[in-house]
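Read from first to last, the chains carry the letters A, B, C and D; within each, the first residue is number 1.
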């Protein structure tokens, strides 16, 4: 029973990911007084791309073909760490957040290699910028999680969630606030949203992620897009699980699961609205302001860790 | 009787050689005599080893310590004479500068040094030490060039003055002994002094005074800083075989004399005072010489300073005393003499083939003189005290003694200087060995005599680094036993 | 206690004053020849003291030593020096690096110091002060001459004075060493002088001068 | 106690490397002789592996006592710690030797080949002696030999002026380090009365704190210099790149680990944890080393220098683990100490694997393209696929990506930091978790650095004719690479292989520790994740897909040339810009001709790092010593009267000393 639920969670994160993209796009359109496309459009795009033939640059090697697949695999594996409706996950109980973060890193590593294999200037540009952002984003990401882990005195995500569940919503500490802020900022950077990257532009001065995938087409492109969607979804789910897990079921029972699921949808919706507001309100940062952005995140997360000293007892 | 032989052979040999005007014949005769001499010395050492010490009248005695140094003299002088037989292809002009004079003086020099080692009487010891200076002065000035004459004069004057102080020290010790009621006839005899040492101490101050004069006097000959000034000049200007003899045998003989006095004084007024002086001079020599090694320009001066540094190491070993300290010091005298003669031999070859000893003008000899380079490399690695060469062993012993006695200041300076010296040697040798040679010498191959001498030395250095032969170890232990 | 006895008494007690006189004169001497003469005089005084000691202590072999001193230091060495100066025909002054007045003051200081030293160490050795002080001041003066006189010959002379001092010290403290040793020492001194003579020739041949302070090619 | 086959194998190992191989090479210059020598080296290393494993499983291992033959006690023994490092040495030696055989044949003339192989085996021997030594004498002999022989191997490659300068710096710093190492052995003497390891261990209990602290510092400096901790790393990026690639592999892969071995031996085995501050000191130095190391690595364009700097970084990570462990020990938490120590040793082993793999890869590249400058490479993956794949595995491992061995080490270190939050002492309680941030930054930068490395070397268009005409490396090299990459993968996916023995080893070093459960959990979880990732990959790869070659998008231009690609220099530009404070770059842009800025014929850009430890730290000191020497030199005036004066002054001063001495 539990296992099936875990697997269902993973499937939900994977299959629901395009929907999240669609909804966010729709929300942004509304905020910008456009009608916007249907929220199901991402599925249609994936379907189309998967059927198309693939164009491959003449210089490219096996790495170019391998990269999207590894990216997808790694992202799926990462998704398997995140609890959604009950305080456990397929790998969440044994694997800890370090593994989660580094799984994403694995995918990113291969995507950058694929980009470089294209042999064009865009790929290199995107890869090198991605290298900068991700290498700076890792520290605050881990530190933010460490702060929670120190409070929970355990490192496996499921355990941390379980611990948070036992807490009373009202005695949330400064640590949580600091950690949440920094994690949110990091997630913006990691998933390539505004103000760090603009997922919709193709202007080489600004683009990071789009630059990397410029040479990809057909199924590979589909995998990449899908993977990034999964990444976003998983991250949101992680935020929810770590900071607002209340409503999750600890013991698996039919109705409880349904309630938890509904609650989860609601929380996600809130986060998506927030995200779309930010995206349409904030202007993209200049490339060399990104480090400062991440620096702030690091500072916050470090503070969070330091605060644990007083919160713990 | 056996003790007279090794003294008689060189004297008569010297006279004999002077009769041969033909260089080749003189060389042959010299080698022959050297062979005989070494054989005799060998038997002497063996006798001492088997039947204990030998006497000859009231003035000659050979005990374990003498035997150890005699062995060193025999080996090194053998190597040197073999090397010299090929080296003297060209000699300076002027009187006393022909091969026959060379060999004659060398044999006189050997005579004085051997008799230093076998003299039982401190007065005789002094006379013979002065004799070494006199016998070698002409050899230092052998080439009769400006430098040679200058070096010779400085050598003669500085050493004579120093030695004079040693004489005064001897007299003071004699005075102390006589005042302590010893029979004036035997008051200079080392053994009876050793036996009477506690009695002599009835006026400790006099004994200390004696030791101060002696350490300054013989220290001049050993080359302790600041009395070392003659040493680099003499080593640099003398013919290469003589440089080897000076630095490998003469310094050891002076050290031997100092050891004798140190033993008496330590037994009479306690080891504290003499050992402090030895440590001071040792460390001072090591530091100053070690630093000066960095800034040398002439290869042989470099070697000379390294000799000073190693004398400092030996002095530190003596000053520490204790089983390991003495062991290290004595072993180091031997190892250093072999390694240093090897280095001087290679320096001689380099001068032959490149025509200079200025290290900034020498380049890329690893390409032009592979064999000499190998010798130089072995000697260099040994002299900076790296395994698996013999000097590593003795320095290891001295260091462990120093640490065991928790003399932290000494060991810090010691280790620091080892690194500095290593840096200096590495710096100079890299410049000489590597790079592109500016011109190729005509004959880069070693001639047999050089080949034998250098090969034996190199093997010796390596072998003693890997293990100490049993007999050698025994001799060493006997020498130590004499001193304690 | 005949006339000789009184003479010996006098010699032993007061001759050391003459020694001080000689070294003071050595300090001011400008000519090598005069310095040599002074050295000879000094040696003569010492020889006299030796003989006196021999007579007083009834030690036959010391007579021999005295004779040696007289023959070698009073007769042979000064002659050798004159020979050298003639053969080398160099300018004959001593080339002092200190003015005579300075030298005199320095030597005076030396004499004072040696008295002080004798008084501080004297307890150790029970011998009359003056001769010992004289011996020490001879040693120091010899050293001073070697350091301050630039002529090779003068360095040799300084060495000899120093030697004299040591010898005198030995004599008055211990009535000299065993005869064999003494002879050996004399032999060494002679050989040393011989060699130095050879080298002075070589120096004057190669450098056309005898100023040792100019021999500065080897340094560092 | 040289009984049984294991003892025999041990003797065989030593005898072959020390005697047989050199003798054979001296004896004849024939091809066959060399082949025989190589075969012997291989069998010897294999025997070494056997000895290591078996004596790890069954203590006590073989003990070889030569004390009667040598002037000072010289004996080798294989206890658990030695066995682990012996395995490290021999296991890496095998593939490197296999690789080196064709490499040396292609690169060296007959004579130099013989010399090289002789030194090669002496080098292995010296490292084996170091890790198995049971007396201080043996250790120091091996230690000095290791430096000398490696220097010789570098000089065989060539002796141009700057190579000489680098080797000189290498030798000098190593000699100073060796002096420190010797000191920390000798410091035991007054208490242990012998340099036998057993005696030393026994003596440690009764030693005053001051001496223990001194020993700890000496060990940290001495072994730190060998390991290349900043600022003592000066020699490392100079010496490693100029050695022939297989030798660089040995130096970076193994020789640095001998330093780690020495430090562990002293700090944990002998001293059983340093003074209270030791952990903090090590931690700070290690953090600086890791961070600066990887930053310098990113900025490099010379592949081998880049790898050398990344060695500095990895040493930093290893010492982070060691420092944490010392901290736990100081606060009396053996379990955490065990975890951190396991992490450090585990990472040491992994670094040996992937760093030698990468250096061998660099060797293969330079062998095919005659260049290791990343700006002249590119497109090699298509031309030398197998080498490429091996190097890719190496890059993933060193970048610390999961499913590869590098990750597990970093993960364990992370977890030991996290465990630090449970300590009582509040300082440690905060500092250790914060270290997670540092290590994360290091990891992220490392990933970036090796994306660049692999991307620039193997992907995209070739940037030079050399890269265009590159061909796959000969079979021997490929085998060596394949073996090492297989090792990386195996440990990466089944870390339990190495973790379980390490835990038992740590039980010896940290008494009463017990088994840290993290080691078990990682061993359990990694295979699962691997299953999921690989499963998904396989599933997706099953999709049959049609593909067509199409020109790379060039904004409508006729076509792309390799000069339009990103270069290694540009790739690292953003990071160099952000960390400009670290590099203090000196930039210079020249546009030709200057008068028409919009249509320049050529633009040359140069940016060099101006921060130099040599200039900042070492030069002043050396200059001081030398100037002192010159001042002393002036005392040797050449004037004999001055010389005499010196003597008299010495005498007088001694007399006054005597006067006032009583």
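Everything below uses one rule, namely that a residue touches a chain if its C-beta (ideal position, glycine included) is under 8 Å from a C-beta of that chain, and two chains touch if they have at least 3 such contacts.
Note that this is a predicted model, so its numbers are computed, not measured.
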{"item": "Chain whose average C-alpha position is farthest from subunit A's own", "value": "C"}
{"item": "Computed distance of Cα centres, subunit C from subunit B, in Å", "value": "32"}
{"item": "Centroid spacing, where centroids are CA-atom means, of subunit C and subunit D in whole angstrom", "value": "71"}
{"item": "Subunit A-subunit C separation of Cα centroids, rounded to whole Å", "value": "102"}
{"item": "Distance between the centres, which are taken as Cα means, of subunit B and subunit A, whole angstrom", "value": "79"}
{"item": "Residues within subunit B bordering two or more other chains", "value": "153-154, 157, 161, 205, 209, 232, 292, 295"}
{"item": "Numbers and ranges of subunit D residues touching at least 2 other chains", "value": "633, 636, 640, 644"}
{"item": "Residue list for subunit A, restricted to those that touch at least two other chains", "value": "none"}
{"item": "Interchain pairs in contact, sorted by label", "value": "A-D, B-C, B-D, C-D"}
{"item": "Subunit D - residues contacting subunit A, complex", "value": "379, 381-382, 385, 388, 392, 396, 399-403, 407, 411, 414-415, 418, 421-422, 426, 429-430, 433-434, 436-438, 440-441, 443-445, 447-448, 451-452, 454-456, 458-461, 521, 524-525, 528-529, 532-537, 540-541, 543, 545-554, 560, 562, 564-566, 570-575, 577-578"}
{"item": "Partner subunit D, residues of subunit A touching it in the complex", "value": "50, 53-65, 69-70, 72-74, 76-77, 80, 90-91, 94-96, 98-99, 102-103, 105-106, 108-109, 112-113, 116-125, 127-129, 131-132, 134-143, 146, 149-150, 153, 155, 214-215, 218-219, 223, 287-288, 291, 298, 301-302, 305-306, 308-309"}
{"item": "Partner subunit B, residues of subunit C touching it in the complex", "value": "121, 124-125, 139, 143, 146, 152, 155, 159, 162-163, 166, 169-170, 173-174, 177-178, 180-181, 184-185, 187-188, 191-192, 195-196, 198-199, 202-203, 206-207, 212, 215, 217-218, 220"}
{"item": "Interface residues, subunit D side, partner subunit C - complex", "value": "633-634, 636-641, 644-645, 648, 659"}
{"item": "Residues of subunit B touching subunit D in the complex", "value": "153-154, 157-158, 161-162, 165, 205, 208-209, 212-213, 215-216, 220, 226-227, 229-230, 232, 273, 277, 288, 291-292, 294-295, 366, 381, 386-388, 392-393, 396-397, 399-400, 402-406, 411, 415-416, 418-420, 422-423, 426-427, 430, 434-435, 466-468"}
